[in-house]
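First subunit A sits with subunit B, and in the next complex the same chain sits with subunit C.
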Partner chain A sequence: MKNKVISIIIEALKELAADFGNDNIENIADTDGETILYGMDGILESIELVSLFADLEEIIFDEFGRDITLADEKAMSQNNSPFRTVNSLSDYIESLLTGDAGDDR
Partner chain B sequence: MVIKSEYGITLSRLRQEDIELVRKWRNDPEISQFMEYRNYITVEMQKKWFQSLNYNTDYFFISIYQSKKIGLVDVKRINWERRIGETGIFIYDSAFQNTFIPVAVYFSILDFSFYVLGLDKISAHILRNNKRAIKFNSALGFKLQENQEDSENQLYLLGKDVYEKKTGRLRNVLIRGMNKEREHEE
Partner chain C sequence: MNQIIVITGTSRGIGRKLAEYYLDAGNTVIGCSRGNSKIEEPKYCHYEIDVTDENQVISMIRDVRRKHGRIDALVNNAGIASMNHVLMTPYETAKKIIATNFLGTFLFAREVSKIMMKKKYGRIVNFSTVAVPLRLEGEAIYASSKAAIVFFTEILSKEVAEFGITVNAIGPTPVATDLIKNVPESSIDNLVKRQTIQRFGKIGDIVNVVDFFINPESGFITGQVIYLGGVLD
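What follows is the complex of A and B.
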């Protein structure tokens, strides 16, 4: 499942790069998944982050038939936020899909 | 006046006791560089500005997240006949940069403007070198107005219908996320 979720995130980021003209996102596929997405050093700006969440929630529903909520206040405030990198976001989505992060909606 | 938005943000109408804090924020080059007026603001200037605000047409709010004052947001110069006002926003606390909080604050003031005040249109002036703000506002549906290309401080306009069309999906994402914990507690 992890590889599938990572490829979903990368595809969503590429779409986002095209929509917002963000060159920093465009080359994300060449990285090891540890590029900082979120926060002060992140490559995503606020509106891009929220757009990414909206896109991912829709794709995850289409692919897995599960309704998840990503813009979680609690997750945002964690020191090691799950939104920080592609890898951590992928782990977080996986945990939502398997129920390890608590119930979703 | 205190507004608790669906996005987890509290908007508290600007009071005299907060204007020194706002002055401190506003004089920080990190903030002032994106403002039309970039000179130093003195205590007296700030008092005079606050006294000049019209309570019926200038709504300035301290934005608060998790009990912390994080910035200033406003809808001002409201023309009630034309049902139009001008918005502005800054988040002082850099810890919230590139998080979804700036979007939540902006949705809070725009929802207040359209659905509480009943305005039909919102304008915004954005310095043309402020690419981040231009991207942000454009994504919400703000359109650069005609003959603004050469202006340093460019005028953008957003209609209520466009706002709803462009941001409905994004607003739902934030509303669900910000209320997730509360729903679980109930």
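What follows is the complex of A and C.
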């Protein structure tokens, strides 16, 4: 599942790059997943992160048939933001899909 | 033009009239309320939800996206009124008013904006009240919940402007609907006397302003509040 989630995130980032004309986002497809997405030194503006979440929630439903909400209380209250890198974001989405944190609506 | 319009609180009162008006004009209307709807039109779809329940709101809006692919306009009409002296207002009543009037508006605006931003187009209309600028005694909690909507409208308009979404609010005067049926007549008379044009509002007065805000030509109008009856902020 991890590889599938990562590829979903990369695809969503590519679409975001086209939408916002942000070259920094486009180049992320070639990295190891540790590029900082959001926060200090992050490549995403807050508005781009919002757009990414909307895209991801949509794609996750299409691919897995599950409604998840990324910006939930749990994510927002963690000391280390799950939205910091592609890998951490992927881990967080996986936990929503498989664990008790899953928001099955 | 067939617009996809989400209207909250469509089981009765202003919400129902707005839904019927936009259906008559050939639009698709998606409505909601805690109970069922008596509107039976092929282009009307009703969801029985509580606007203060985050999960229900999210499920409804995502279902609308799957079925219609877009939302052109959101009319955040659902609301409750309870007029009482502050010292006589139960805490639970205050929480319910803030939750329905303000948090319900917030939830719908948040979820619908996510759909609208993908299309780089959207019109959001929120409902305030003339009780805000008039600072009416006896309406502290109700007016506060609606004052929050004014600030929310103004700030949200800035946050979503780059996505082609406009956010405006209407501040109606009292209209003879179920919402005010339990409010003492003297309170309503007192309110009407403080309007520049001293009469009850009509559904048509509200439709006129909502029409203006959701018109595709109104793309340069955002963050505005229009109070009816000539009430000044």
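In this text, the second predicted complex is superposed on the first by the 97 of 105 C-alpha atoms of A that agree within 3 Å, B and C clash if a C-alpha of one lies under 4 Å from a C-alpha of the other, contacts with A are read in each partner's own complex, and residues count from 1 in each chain.
Definition applied: a contact is a pair of C-beta atoms (placed from the backbone, for glycine too) under 8 Å apart; a residue touches a chain by one contact, two chains touch by 3 or more.
Please read all numbers here as calculations on a predicted model, not as lab measurements.
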Contacts of A:69 with subunit B and subunit C, given as first, second, both or neither: both
Partner chain(s) touched by A:61 [first = subunit B, second = subunit C, both, neither]: second
First, second, both or neither for A:47, with subunit B first and subunit C second: both
First (subunit B), second (subunit C), both or neither touched by A:38: first
Set intersection of subunit A contacts, subunit C complex versus subunit B complex: 47, 50-51, 53-54, 57, 69, 103, 105
In the complex with subunit A, residue positions of subunit B that touch it: 8, 66, 94-95, 97-103, 132, 135-136, 139-140, 169-170, 172-174, 176-178, 180-181, 184
Residues of subunit A defined as touching subunit C within the complex: 47, 50-51, 53-55, 57-58, 61, 67, 69, 103, 105
Interfacial residue positions of subunit C with respect to subunit A in the complex: 55, 58-59, 62, 65-66, 114-115, 117-118, 162
Contacting residues of subunit A [partner subunit B, same complex]: 20-21, 38-40, 42, 44-47, 49-51, 53-54, 57, 69-74, 76-77, 102-103, 105
